[in-house]
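Two complexes follow with chain A in common, the first pairing it with chain B and the second with chain C.
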Partner chain A sequence: MEVCGSLTVSLREFGCEQSLLSRTDGSASFVQGDTSVMAGVYGPAEVKVSKEIYDRATLEVLVQPKVGLPSVRERSQEQCVRETCEASLLLTLHPRSSLTLILQVLHDDGSLLSCCLNAACMALMDAGLPMSCLFCGVTCAISTDGQIITDPTAAQEKESRALMTFAIDSAKRSVLMSSTKGSFSVHELQQCIAVSQKASEKIFQFYRDSVKRRYSKSL
Partner chain B sequence: MDVSCERVGEVLLPGDEFSFEAEENISLTVPVKSEKVVCGPGLRRCGDRLVVCKSGVLRHKEPNVFWIDSQQRRYVPAKGESIIGIVTAKSGDVFKVDFGGSEQASLSYLAFEGATKRNRPNVQMGDLVFAQFLIANKDMEPELVCIDSSGRANGMGVFGTGGLLFRVSLGLVRRLLAPQSNIRSDLEHLFPCELVVGMNGRIWVKSASVQQTLIIANLLQSAETMTAQQRQQLFRKVQQGAF
Partner chain C sequence: MAAGFKTAEPLEYHRSFLVNKSDRIQNHNTEHREVSVTYIGFLILFPCLGSISTANGSALVKLGNTTIICGIKAELTNPTVEAPGKGYIVPNVDLPPLCSSRFRPGPPGEQAQAASQFIADVIERLIKTEDLCIDRGKLCWVLYCDLMCLDYDGNILDACVIALLAALKNTRLPEVTINKETSAPEVNLEKRRELQIHKHLVSASFCIFDDSILIADPTAEEETLSTANLTVVTDEDDRLCSVHKPGGTSLSGERLQECISRATTRQREIQKLIDKVAHSVKKAQ
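What follows is the complex of A and B.
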């Protein structure tokens, strides 16, 4: 949860499960500490003529909060997830079809957007949709005394002066999407990006291990 | 001349790249043949490297075919594959068939054996058809036919009075249709039944009684997640329980 001098990056314990829903084309659940999100993917399926795009698939993302109806905050989270997915999916292989990604928040204890991104990536892999690279989400918080905390809990997020979420891709470790809140300097931003890129290595290794375990029966 | 790859049999994720070993000594007397590599599903070409775009196990078939074996539920149509479709509409001279893809396929009424303009085939809405894709690419509407290239039905057409249609994953269907299939040989020892397997993940079963039909359907659906040993154990238990 904390970083000293950005030499070691520690994340909360994470876990995931694939193919847990029976009616979806792909599903996954991702748990980071106490934050847990479930994702379901449908596609490529029929699309309404008003929403169809002639040369690529139409991606729709829905974020359902734990209680209540989706509001403006969920809409902005949906846009972040959608832009990341559109950058890594090969949408031109399924023109005039629709891909629907539904994220259900089961518990929010900080780093919600990055947990949504990780669950989305695992669900897209589970559905077998063609992707050019994988992506993962990492959240960094800058506390009032300037320390960088990766994967903060809700309490740490409340006390921080800046909160940043980055989506990192697996091919070149570049930043696909960034969502920031609060005030910070350019130097701090660059430090946080470097720390997130380092943390993404662990997450990608975890993806690889969990997919290997899933296919171990058929090897 | 050998195209070898050490990563065959490994689980690969989207974004992984691999290339092939080149021969170290290029002979000056023998003409060098250019090596062609055939990319199957799950692989894309990027310059002279192959990039993986689906997660799964890398498989290889002699001499030069590579593909990714992935587990998927959603069907994407491909030319030449035979599927089970449900007729949903009759518009003019064409039937609209739902096969579980992103749009409905069209099936002309002349694409049946012995069909002419005067002698129309007896196909109603809601019928099951076993057909083959004539046109199936991402840009055009998919088109089905119930005859092969020589004009004979060859098992295709309308079927399905009685029986049960259910969905399974695409991997199970490929395992059932493989030339020496263990699942199929295990099933043969159980009850006599009629089985139609569509590559879009739909299976139709008909057996002597409703109970036997349901048993076979449940066995096939549960065989997806079992290893070979567990499956044989389960089949043996059912065989003993029935007799």
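What follows is the complex of A and C.
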């Protein structure tokens, strides 16, 4: 939520819980400050013949907003999450199967797309689906006076001049997905990418800690 | 023989051409030793303004085989409560079954909706919505922009942005005055004014093939074989308005920089072309 001066990045408090739903094959809930998203994964399961792909699994993502029916905005978020997951999942291990990922927005207080990505990754891990790398989402906002704010709240997003969300992978810290709004210069883009890569380290460390804690308890 | 190979193994067919071409590039250009970038080159663009006579503004754009037609209808409405001094623009991208066999009749699919959301995010910088306001809090213009694809051969985002820019340049809105006694709007269809384009936004799309080769302006076939897509939208001040990469394989910083510089050159070419066509249409009227 705070200002980035010389690459000291601070994110809001985040929390995560896995395996909270009983019917799904994998589920997770991710909370960033006040933004909260719950993810559920079903799969590998049977796929409709019209949607089947002969050599890979078919991944379907559904984003359900807190109020109302999914609209055009949710479809575009679904496309971003789906293609990011397809890049990191080993889909060729489950041909002619379907994987369904459902993301339910519980509360939106800014950085929604990155919270969705984090919840999705934790749910896929919980389902035990094979992945080549983990991914995390980081949102950066550029305020009107040029400062870069990571993990902005809804109020900060509204006042910002540009808003960018990146999905960073855990293997090479490269950018898997980029979704931006507003205008910015090339230099600002590069700064935001660097800041997001730094922030992703904290998030990956958090994934590692929470999974370690969970499996140490169940022994 | 080649046609049979192309149908059976499309990936290998494309790969053989791209690898050979990149060897040639590597020999000539000693600076980029590991980079293998193939610019198939942006296809020839053919825009046509004013094709729809019943619309306030329209444009038909052909980018190679990809054809997009944009029609703009203006209506009078009350402005939204959040922004009483601004009008608004409602874009809609439609990919009907006519343009390609991959689209079925029925509600819009994910690709059309994602394209509509992309255009909605980009359009905010195109014109100043304050220009669309007639009477603060009471009356404003709403522009319904309908972009319909007539022929899908890849790279619809680029074609949509160009069509939208060209159609907005072609749009003429009638004068509206508020009658003081009746406080009803009076529309004068004879006097028309043009929309002022605030920033000329142009997008440049690329697809990433085999994690190392970038193809500019991909066709439908190249898109299906690619592992990721990237669209960069720039304006005339070299500022970026959107870097849209919906997932897929990762892209290194240098490649991204190359794409951005290519996008800025593209912006100049397209802006010149649109200005030329708009100017010739105005002269003809």
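As a convention for this text, the second predicted complex is superposed on the first by the 215 of 219 C-alpha atoms of A that agree within 3 Å, B and C clash if a C-alpha of one lies under 4 Å from a C-alpha of the other, contacts with A are read in each partner's own complex, and residues count from 1 in each chain.
Assume a residue touches a chain if its C-beta (ideal position, glycine included) is under 8 Å from a C-beta of that chain, and two chains touch if they have at least 3 such contacts.
Values in this document were obtained by computation on a predicted structure and should not be read as measured data.
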Which of chain B and chain C A:25 touches, first, second, both or neither: first
Partner chain in contact with A:97 - chain B first, chain C second, else both or neither: first
Touched partner set for A:69, first chain B, second chain C, both or neither: neither
Partner chain(s) touched by A:130 [first = chain B, second = chain C, both, neither]: first
A:215 touches, of chain B and chain C: first, second, both or neither? first
Partner chain(s) touched by A:49 [first = chain B, second = chain C, both, neither]: neither
Residues of chain A at both interfaces, chain B in one complex, chain C in the other: 169
Interfacial residue positions of chain A with respect to chain B in the complex: 19, 25-26, 43-47, 90, 93-98, 125, 127-134, 169-171, 207-208, 211-212, 215, 217-219
Residues of chain A touching chain C in the complex: 72-73, 75-76, 78-87, 164, 167, 169, 172, 174-186, 189-190, 193
Residues on chain B engaged by chain A in the complex (per definition of touch): 9, 11, 13-15, 42, 44, 51, 53-57, 69-74, 76, 101-103, 138-139, 171, 225, 227
Partner chain A, residues of chain C touching it in the complex: 110-111, 113-114, 116-118, 120-121, 124-125, 227-228, 230, 235, 238-253, 256-257, 260
